[in-house]
Amino acid sequence: MKSQLEDILRRVQAGKLSPKEALYLLKDYPYQDLNFAKVDHHRELRRGFPEIIYGLGKTDEQILKIAGEIIKKGGSLLITRAEPRTYRKIKKTIPGACYNAPAKAVYLKQKHSVMGKGKIMILTAGTSDIPVAEEAYVTCDMLGNEVERVYDVGVAGLHRLLGEYEKINKAKVIIAVAGMEGALPSVVAGLVSVPIIAVPTSVGYGASFKGLAALLAMLNSCSGGVAVVNIDNGFGAAYLASLINHL
Amino acid sequence: MKSQLEDILRRVQAGKLSPKEALYLLKDYPYQDLNFAKVDHHRELRRGFPEIIYGLGKTDEQILKIAGEIIKKGGSLLITRAEPRTYRKIKKTIPGACYNAPAKAVYLKQKHSVMGKGKIMILTAGTSDIPVAEEAYVTCDMLGNEVERVYDVGVAGLHRLLGEYEKINKAKVIIAVAGMEGALPSVVAGLVSVPIIAVPTSVGYGASFKGLAALLAMLNSCSGGVAVVNIDNGFGAAYLASLINHL
Amino acid sequence: MKSQLEDILRRVQAGKLSPKEALYLLKDYPYQDLNFAKVDHHRELRRGFPEIIYGLGKTDEQILKIAGEIIKKGGSLLITRAEPRTYRKIKKTIPGACYNAPAKAVYLKQKHSVMGKGKIMILTAGTSDIPVAEEAYVTCDMLGNEVERVYDVGVAGLHRLLGEYEKINKAKVIIAVAGMEGALPSVVAGLVSVPIIAVPTSVGYGASFKGLAALLAMLNSCSGGVAVVNIDNGFGAAYLASLINHL
Amino acid sequence: MKSQLEDILRRVQAGKLSPKEALYLLKDYPYQDLNFAKVDHHRELRRGFPEIIYGLGKTDEQILKIAGEIIKKGGSLLITRAEPRTYRKIKKTIPGACYNAPAKAVYLKQKHSVMGKGKIMILTAGTSDIPVAEEAYVTCDMLGNEVERVYDVGVAGLHRLLGEYEKINKAKVIIAVAGMEGALPSVVAGLVSVPIIAVPTSVGYGASFKGLAALLAMLNSCSGGVAVVNIDNGFGAAYLASLINHL
Amino acid sequence: MKSQLEDILRRVQAGKLSPKEALYLLKDYPYQDLNFAKVDHHRELRRGFPEIIYGLGKTDEQILKIAGEIIKKGGSLLITRAEPRTYRKIKKTIPGACYNAPAKAVYLKQKHSVMGKGKIMILTAGTSDIPVAEEAYVTCDMLGNEVERVYDVGVAGLHRLLGEYEKINKAKVIIAVAGMEGALPSVVAGLVSVPIIAVPTSVGYGASFKGLAALLAMLNSCSGGVAVVNIDNGFGAAYLASLINHL
Amino acid sequence: MKSQLEDILRRVQAGKLSPKEALYLLKDYPYQDLNFAKVDHHRELRRGFPEIIYGLGKTDEQILKIAGEIIKKGGSLLITRAEPRTYRKIKKTIPGACYNAPAKAVYLKQKHSVMGKGKIMILTAGTSDIPVAEEAYVTCDMLGNEVERVYDVGVAGLHRLLGEYEKINKAKVIIAVAGMEGALPSVVAGLVSVPIIAVPTSVGYGASFKGLAALLAMLNSCSGGVAVVNIDNGFGAAYLASLINHL
Amino acid sequence: MKSQLEDILRRVQAGKLSPKEALYLLKDYPYQDLNFAKVDHHRELRRGFPEIIYGLGKTDEQILKIAGEIIKKGGSLLITRAEPRTYRKIKKTIPGACYNAPAKAVYLKQKHSVMGKGKIMILTAGTSDIPVAEEAYVTCDMLGNEVERVYDVGVAGLHRLLGEYEKINKAKVIIAVAGMEGALPSVVAGLVSVPIIAVPTSVGYGASFKGLAALLAMLNSCSGGVAVVNIDNGFGAAYLASLINHL
Amino acid sequence: MKSQLEDILRRVQAGKLSPKEALYLLKDYPYQDLNFAKVDHHRELRRGFPEIIYGLGKTDEQILKIAGEIIKKGGSLLITRAEPRTYRKIKKTIPGACYNAPAKAVYLKQKHSVMGKGKIMILTAGTSDIPVAEEAYVTCDMLGNEVERVYDVGVAGLHRLLGEYEKINKAKVIIAVAGMEGALPSVVAGLVSVPIIAVPTSVGYGASFKGLAALLAMLNSCSGGVAVVNIDNGFGAAYLASLINHL
């Protein structure tokens, strides 16, 4: 945003813009107003990043309209938390759109992203954590990253985790996805020296309180180098991992 | 209620009412007893306010009966949290009734309200907050207020909010609706000098705990001039905003 | 902030400011940087409002330094949550400073505030709620408002509340302070037609969970026209009440 | 249980029972073992009380079997939390069974209960609290009590409550049912000098947290003479009220 | 309150009171306004009940002033949650005042209360629950009740509880005080047929969460006839028990 | 795992394994990688234990694939939290599989387990706790234990529990399953001198908060010898009980 | 308790006891009533177990009196949660008493306990967990068990834990003590095949919420064979471990 | 750890180590066992990182002993959460040790760390957040990073934050420290494209619940690129930031 700001100020200084016009520009330029949503085409231009739509709480009509505007401008598309029903509707108007079913993500790559430098590793503690991990996977992939997935390596069977030690050790950033007691990030952080992004999942029952147990465990990790995102937030973990991988 | 009280006491003093009758009046006058509900026609008379029915937890039959009594007396009608099914039933006996679908509100203006002096501005952080904002909108409108809506101006994209700065600055009261981290009211309160009514929404997932995160954030706002209503309580925010706007 | 912004933009347009200088101004003008705090002299100029210091979590040295800067500029001073110890230190360098002991507030009026139009009424449910009410009182007073206090009118003895009905009915805004079950705002809101700002207090024990019970009760008020601020936040309630009273 | 115990010991002393037989009696006498449930016919004999079945979490088959055993023994029957579906099945084998639909209670009086001495009054704050109040009503009635119901007298409209003051003042025990901010018991307790049993309901939304707000408010009542039962526990309130009314 | 209301209305009707005077009376008569507190001498007159002061959150000065007014009027005195320091101050001006140290209660009987009909039994699960039980004891005693105490009969040693069975069975009302898992009321309620008032205490550590565990357990009691008061609220339990015992 | 480790190290020492091969073995040997799950055949070999699949959060396809691998290897099979729909699918490919409907458990014994030395006793407080108890039952049975079940012996009717005293006293380990106030384990632990594994259930409503009340009560048991597993975790209790029974 | 019961019944049968005397015996025999506490000498006789006093919430006078009675009867003594101040007082009257300072436990062995069969292993995740572990240690020791302690083997440094693998593998029962994310029991349970008793500690800050994070993590352990006791409950874990070790 | 493992295995293969010795090495090599703590000198060797001691919950004696061992080996030293009292003791034996008083951190640089590539920026919302920020500062500095601090730029005064925009935009990683509503990270993340590590602080009162409000807000940030550490965990944020800065 900084260069825009400077640019506008310079044009005001140069007499090419009146203050009123400047205010107008600040208002209209960086996003497109669909009344119910303000679409931000700005990010796309800067980085080759896709425009991302968070599907939950939006009607299919709203999603379709935003998606249409993005595709029209030639941008890549990623819709998270999209029901199969929504995907089927999108498919009709945007035939190239793909669907990652466990992740509930619709995506379409229209232009190549700048690739990150290293590899992002996605681990899950169990099989039930896979949907969240897949949301992270599709997001990392769309944002231009090499990704590797190693699933079902929870701490109850250390040999499974240690058996993948060599792979894990090659990552530049690790996304560790776990529900229940959420111990995976702590153990992994003790084995490697790279940033760990911990994703608690709502996998579990009873005193897991829909992921609260895993969330608290991860926030209290005794290992250094762990930060936490919201419960089931595979997207957020991937976005941050990608930022780090592109530094 | 005060004038009523004084009036009744005066009539007792004047010998026009026995104490027993006075007690009777205090019991029967200001509301109509439908057995399962005590309808308060009093407020309507005083202010041109509509009679408001909170739909949740009432059967369709109860809602229809209360609504019928109100309409019979010539009052305006507002039913919040009414399912489309309920609306369809009402439509049959009260053909003029309208429905704001996102707000799930049934309404019918039968007499003109006293208009408030200024403008109420309704902001939302995201698209998913719109249903709550629309409940606030229809309520403000029915209670006699000029209202303006600016949606999807959450703090993740400050330029969208600052782009609407001029509009926002003209409001007499602001209703700021936000889920997730609920930061919108804090930021807006730093930009203006009018009361902000903050409405946390249940938009979000995981550690949003159905709006708790936004609620706590808003209660802890470091900005002065912010007060909070219940999660998703668009109606309550509007009612208070209208009171302020009518002072 | 708007006029400042416009003003700076106009000076840039007029060639009186370079963009770089404009950025510098935006950075330096409206506050004074004490390294550990950025003192905002701006608000004072605009409204005759005192500069307010929130004392909790600041060292006495920090408070004294900020207070000194404010007094030097001729501003009025209000320090909330200040320990008696802190007051004694301030007294030495700012001899005119007063102390409201229950409120733990230090204050000094150096210039007259613009007075609000109506009267703010402060109610408490019990005697133990008085410290929070007094914080509200001293804040309202410093911000230029006529204030009346009616204490110990909790709902367990309705006759005490109804006995003050005439007084209460004359307020333009009401601040209702209550701990324990926090029912006072609901009952008052049913008696009047002005905005109620509800302040839950941490008065109580056991299942009051330090004010949580009162907070939740107030958020769930079945009466219209109630908004809530943080537990024990007498200051916040007063600030909002004053904003409404100055509209 | 005491007299049983003494009786058995006396019979052992008199040589009419061996210790082994005594143990056997203690095991088998006071209940009937249906394998999945141990039906307690004991209480019925003692007081003319109906056998009460808590329907939630039991299969229809289990409920039918227990109900059959009770009816066979000539006892009165009360099933709480029974779905309409369950009632329809019961109706086929126990044609005299009635259904209180809002309360979801199946009942059948086979013998007359001992009547309590005074009147139990059931109040609700709103219309949505009626189902819980009706569960209390049907239970009080089945346990042999005169009951009066006054609904929709919440504290937001004090005149509605005060209008019923005379009725309320005649009760020996009061059951006050309220959701949302749960203030009704506190206000009522300030008006009368009889025990108040407060029933929080899950009526409300957002920060009511399914009745938690009302529950906490009631536990923190500043009025003396209030005790609280579980959220939505109309049955429990009625059972206790009946015990008090039969003292 | 009713007779007062009627009386005032009758006097207005008889022309002995103007409406204004009536309002004045409603305001001034039933309590004495000490500015920071409104002392209610009304209850005392009606029942021989002592005036009760809740000490927590009041300054020693406030307590002394209220206590002085009560003693001056010849009323009995009960101050709960009073520190030894406060008692020592009271002792100087009211030499007859006694102190129940575990209960932290100051008391002085100036006139005899009307005695309740039956006996109130106070049980504790453990030794650490005694302070709460003693608050209940001194309150029951001051309110005019025969009381018996049986301490340390928690469910971990059923023989201790059953060993006191005969005593327990003679009570008209039972106050069951327990911390930790709070199971005592459930077990006792299964043994007797009288109302049980359950008092959770903050005794315990860790997952007792200062009495929350016991509170929840008691609210979920599977036994009929149990109602609950706030954590550590010995006073509230005693007040309710006394109301029941005086029916 | 220890003997494996030593074995591998010895083979490395003996030159029969290169370090690289050793790492490979550590990785591949003890589990079979199905990509989405890593099946651990290791435990089966060691103890005659069945391979256990936790059904929740796995797709039917995943469950079928894992189950197939286990059966192929001749192992016994236990699938917990399996829907009837899943069972019907399994039945087609593994015709010998049985279904415990209340427990929602699929099982098939292919080889005989080593039997534990004593008897495991499973108690429930009520009828609604039976599904959790049955999960414990089928697990104990599959892991090679003699098991006895005594249901519906909650503390509200002590005579039912004491009536089973002789049976209970013969157990080597007791699993006590209870919802609501969760008092059963405390009372049982006071009667016997063997380990009690307490299983809170989500049975209850309102302030049971889906088993939280029972969980907290059990964690705060004043009786020695009680440990707790997750809410509704019949499997976990059985697994631990079996470990103890096989010591 | 069973044999006592039978014995008393037999004596009643033999005419050696009247039913009244039998009731008296049941009341008086198995414990000694100190008014504020009922001391249970019964357990001691049966097993050589010491009498255990839980110090928290008892006055020094109460502790001294109970301890005196135990010593007088020749029993061994264990007082948990005893302040150094209390120990110093005890030391004066019971000179042989020892003090485990980190555990805050006073103890004195007067007779030899029956030794358990295997070894109990106590592990801690960190140094700060040692006080809880020492409470477990002194309890295990007093109850007659061989104990080994391995401290500071948290999961952040797996090599420290694996380095103690041989030791750990020799235990019959393991007590795993951990605060913060509480992952230790899960990891240990994956390495061994013996019961793990998990003790969450209040070690940590912020989102550890005084041990809640560790507690929830342990309850949600994905490893089989783990049961949990209350936060910081070293005593409870040791008591259960000893029961298992004595089976 | 991998190379160590491989190295040990190779030496076993080469016959230079027996399996027993290998196990011994795995146990003893990478840490030094002080009985109450296992000091890990390993990390230091690899990276020039200081040995870090978490002071809370350790006795001064324990801290001094660990610190002594580290200094003896020539390592740099960082002790977090150390009281002034502890520092004074350390100062006597390690005279070069420094103290960051707000951060409560003792530190001593004995060898130069490898410097990270970019700059870490530390922001605070208010003055009261400074202690947590300083803990982050001293940690970043000790781990070899260029750090810049900008304090008191909370969202209530956006101009203060925007005034520092240029500085902020130059960071490679940002640590955003905020209490109360915790909105700072969300707003900052909308302005830049680098990873944000959000640190909630316990600054606030009432419904901030000791940092819970800020924690939840940050976890629910609607801006991409934000991850969260524990409340007040300045150290953890710095450690992660340093890992990212050294990638």
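List of remarks:
When the chains are written out, they are named A, B, C, D, E, F, G and H in that same order, and each has its own residue count from 1.
Basically, a contact is a pair of C-beta atoms (placed from the backbone, for glycine too) under 8 Å apart; a residue touches a chain by one contact, two chains touch by 3 or more.
Because the structure is predicted, anything quoted here is derived from the model rather than measured.
With A-F and F-G as the two chain pairs, more C-beta contacts join F-G. Each chain gets a centre from the mean of its Cα atoms; the one farthest from the centre of chain F is C. Superposing chain G on chain H by their CA atoms means rotating through 90 degrees, a value rounded to the nearest 5. Chain centres here are Cα means. That of chain A falls 52 Å from that of chain D.
Here the CA centre of chain C is 58 Å from the CA centre of chain F.
With centres taken as mean Cα positions, chain H sits 37 Å from chain C.
Contact of a single residue of chain B with at least two other chains is seen at positions 1, 23, 126, 157-158, 165-166, 191, 206-208, 212, 215, 219-220, 224, 230-231.
Every pair of chains meeting the touch criterion is listed here: A-B, A-C, A-F, A-G, A-H, B-C, B-D, B-E, B-H, C-D, C-E, C-H, D-E, D-F, D-G, E-F, E-G, F-G, F-H, G-H. Partner chain G is touched in their complex by these residues of chain H: 1, 23, 26-28, 30-31, 35-38, 40, 56-58, 62, 200, 202, 210-212, 215, 230-233. Residues of chain D touching chain E in their complex: 1-2, 46-47, 52, 118, 165-166, 169, 172, 191, 193-195, 197, 215, 219-221, 224-231, 236-237, 239-240, 243-244, 247. On the side of chain D, the complex with chain G involves touching residues 6, 9-10, 12-13, 15, 17-19, 22-23. For chain A in complex with chain G, the residues that touch the partner chain are 125-126, 154-158, 179-183, 186-187, 189-191, 204, 206-209, 212-214, 216-224. Looking at the complex, you find that chain E touches chain G at residues 126-128, 130, 151-153, 157-160, 162-166, 203, 205-208.
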